[in-house]
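So that you can tell them apart, the chains are marked A, B and C in the order they are listed, and the count of residues begins at 1 in each.
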Amino acid sequence: MSGYFSTPKSNLAMRHRVGGVWKAIFFLSTAIGLLALAVLVITILDDVFGLVAVVDKVDRTTLADRPLEDLEKDELLAILDKKVSVNRLRTIQRNGGFTLDEIPAGEVYELVIAEVVKPTVEESYPLFDSLFKRAEIEAEVAQKHPDATIYFYSWLNQRFLTNSMSTTPQLAGVRTALFGSLWIIVITVAFAFPIGVGAAIYLEEYASRSWVNRVIQTNIDNLAGVPSIVYGILGLAIFVRTLSALTSGKAFGVEGVETGRTVLAAGLTMGLLVLPILIINAQEAVRAVPNSLRQASYGLGATQWQTIWHHVLPSAFPGILTGTILAVSRAIGETAPLILVGASSLINKDPQGIFSYFTALPIQIYNWTSRPQAEFRNIAAAAIIVLLVVLLSLNAVAILTRNRLTRRAP
Amino acid sequence: MTETLEKQHLAIETRDMHLFYGHFRAVKDVDLQVIPQKITAIIGPSGCGKSTVLRSFNRMNDFVPSFHMEGEVLFHGQNIYATDVDPVMVRQRIGMVFQKPNPFPKSIYDNVAWGARINGFKENMDDLVEQTLRQAALWDEVKDDLRKSGLSLSGGQQQRLCIARALAVKPEIILMDEPCSALDPIATLKIEDLMRELSEQYTIIIVTHNMQQAARASDHTAFFTMDEDRAGIMVEYGETNQIFTNPRDKRTEDYITGRFG
Amino acid sequence: MENQIVKQQVIRMESAEQLVIHKLRKRPRLGETFIQGFLFFCGAVSIFTTIGIVFELGKESLLFFQMPGVTLVEFLTKTEWQPTIGKFGVLSLINATLMTTLFAMLVALPLGLGAAIYLSEYATPRARSILKPVLEVLAGVPTVVYGFFALTTMTPLLRAIFGEQVQVYNTLSAGLVMGIMILPLVCSMSEDALSAVPRSLREAAYGLGATRLETAVQVVVPAALSGIIAAFILGVSRAVGETMIVALAAGSGPNFTFDPFQAAETMTGYIARISGGDVSYDTPDYNSIFAIGLLLFTSTLLLNVISRRLVARFREVYE
């Protein structure tokens, strides 16, 4: 500072110094939030990829004189015949819905590995250790498991996506859980979308300021803040227990499902859970439609419903759609209500319809995370990636459709 | 008169001042010399850049990201836009009263005391509050309950509170941007009387849309208008009397006689 | 002849008039009424939901308190919780919930408020438009993922810092991670409150020669205080109701302790663990879920209502 302004009128330099320090603190708060996100992502990646030490139950070299990959199909079949019991082979073919003769050599090879060689992961190492401490890892493995082979492994792979649940981490996959989540979401949307949009239209377009409508509005706002586990308790009491005849399908003559712990119960529970959020989002979209549009329509002699159906809803649609997708993405990640309505992580049969027992992606993550073995952490992390990818693509779809629809609108 | 002497006698002087919002030139080439301890009015049609000019005198425009300026604004002979000048210091010396009364949601007392306190005022705060409230002709109306919220006052009282608040920092210049536009005629007259009194100690620059107000209350008047690119220009500047009775420029005449536009 | 024509015309005009009158007359529109009825029903579904929650929680809780050995006084004052052997003191669960909530808010309040002040008072519009959505990604991450994070990263980190005294499951780790989860909520609600403070107030402060910090902390934050408190209260409500993080990282098994390094089960954690197995109906375990659920529901509802009141009051002042 120079000239006139340098006359010290107050403790200004000090104040600026304090201001600078606090600015740094405020910035740091923001940065910590961002850092947390980064660390979260890194933690997950750290567990998805990394070195594994694998020991084969049966030494591969005793099975054939060449590497197994190079064998012809009939040679592989011969190994299967020799090493696996006839009953087991039959079970495999029945469960898989194929016969050994039909399938290509590649799949027979997979069978040989799974049924005969039975490689087991003895140790698994996180990504960053694998990258930077490889020598130490190799030394450790050589000492603890002399006959183990070490290689780099991605726990997130094609097999992980297509296999169903298994108690062996390398063989476990998320197919059943993915289908479970999908079914739940379909039911959630089918239930919550029409009712949610209907309620939003009612509250924005029809409702007078009577006490009934104020109660409805307040109630919706409060429901949006109810913890998800309370919805789970509600689902357990109503859909699983009280309405078990409906949710198990007995009332419709469906056999084989004894309790109400089905996809349907889960979907309806989730529907109730996302309903308030969906209504609030849809209300916002409807409210954003300019009043001039409604007046133009009334001016042409349209009824209220014609106005809503032909003018209000189409212009509110992009907003409603995004709001719905946001609400649904909440449902995909919710875990607690599913625990209560009886998702079971041990299920390995894909849901066949709305009256099936089920598991879901977050349930698998929960279950695998809570096990102590490192390999389960690995597949939990892989499942998290699958879940996050699903969520991200949903949000991307929401943004893209909104952009496209709003651009087309006049 | 030598140049330095002249400088000493000016409260604010602008040289080739151009003011921009992004690429838009809001104000073009203003050379204005504000005389100390006088009331200077800035008048002109809406959108001609009066507020922009006024706010550039204490660097309030710094908070508009797209704003930038060319030229110089001299205060005691020093360019307040020089890189080594602290805008906070500028605003301590050049206070501001805004169009809409904007008291803090604090007590009347704290409204007045806050500015002085942050600026390191160490003497008797009660005295300062009383003194400035008296100066702002508000003391008698509020002395019974200084703990009341500033928001509980009437609009005119709020505006006087804002003036008191500005005075408590002990500035040299007070900028007022249409300070009476939200007030009724009685409250307006009160503020005008107040300005007259304050002008014995302070330099006051006031933006107003009210022609009578400018004629009544100011010593000097600057008339601004827009040129064909919608940039604000200063058309005429002189003694208020002369501007209103004998304008030199046709545009000024049209405006003050209501034939504008 | 002429007369007749006139007559006819008169008749025609009269009937036309009647036609108009007939057309203008209000008629019941069945379709419209039906639709409106349906839409009202949609709105009412939320009422049924609330009634369902209150009814089911109330009914089963009543059964719970009618069980031999359970009294409300014991429920609310005893610290040992073991329904299977007749110990029904919910305080240990409440204590763990309060501990995790406390740790969460110790993280979420200062960081969330700090970030909000940075975003609303310091960041350029460009920086804000990038930083805000990134922070909101944090809010969109499912809580089970945070649970994973707590168990695999936060706990090992705490053990590295504080040593073996930190148990594998502990309330501190769960609480801290919960704080990260709640941070975006506190941040974005506080930021809304801060940016709703009119610009004229900031200008008034700057006009008096205040620095940015003085303006932000002494003028803007106090003016937005009720909005910030609302954000804080809603954050507490979230923390109390959060399940997956505590279920994974805080530990299973009730434990009345104030040691943040020890495992202790929260109310939500208990509900999740008990219902995770195939809990059979009408057992002490089953009914206790509802009693604790009722406690959870009423406390979070109370917090939410207070928070919404504060926001409404804040809006009244500035809109």
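Details
Here is the rule we use: a residue touches a chain if its C-beta (ideal position, glycine included) is under 8 Å from a C-beta of that chain, and two chains touch if they have at least 3 such contacts.
What you are looking at is a predicted structure, and each value in this text was computed from that prediction instead of being measured.
If you draw each protein chain as a dot and join the dots that touch, every dot ends up joined to every other dot. Here the chain at the heart of the structure, going by C-alpha means, is C. Centre-to-centre spacing of chain A and chain C amounts to 21 Å, using the average Cα coordinate of each chain. Distance between chain centres (mean CA atoms), chain B to chain C: 48 Å. One simple way to say how far apart two chains are is to compare their mean CA positions; for chain A and chain B this gives 60 Å. Touching of two or more other chains is recorded for residues 211, 214 of chain C.
Counting partner chains per residue, chain A shows two or more touched chains at residues 15-16. Annotation for chain B: residues touching 2 or more other chains are 88-89, 92, 118-119. Considering their complex, residues 15-16, 18-19, 22-23, 25-30, 32-34, 36-37, 39-40, 43-44, 47, 194-199, 201-203, 206-207, 213, 215-216, 219-223, 225-230, 232-234, 236-238, 241, 272, 275-276, 279, 303-305, 329, 332-336, 339-340, 342, 362, 365-366, 369-370, 377, 380-381, 384, 387-388, 391, 395 of chain A touch chain C. Residues 29, 31-32, 35-36, 38-47, 49-50, 52-53, 56-57, 60, 110-115, 117-119, 121-123, 131, 134-135, 137-138, 140-149, 151-153, 180, 183-184, 187, 211-214, 217, 234, 237, 240-244, 247-248, 268, 271-272, 275-276, 278, 281, 289-290, 293, 296-297, 300-301, 304-305, 307-308 of chain C are the ones touching chain A in the complex. On the side of chain B, the complex with chain A involves touching residues 75-78, 82, 84-86, 88-90, 92, 118-120.
Chain contact summary for the complex, chain C toward chain B: residues 124-125, 198, 200-211, 214, 218-219, 222-223, 317. Residues 1-5, 9-12, 15-16 of chain A are the ones touching chain B in the complex.
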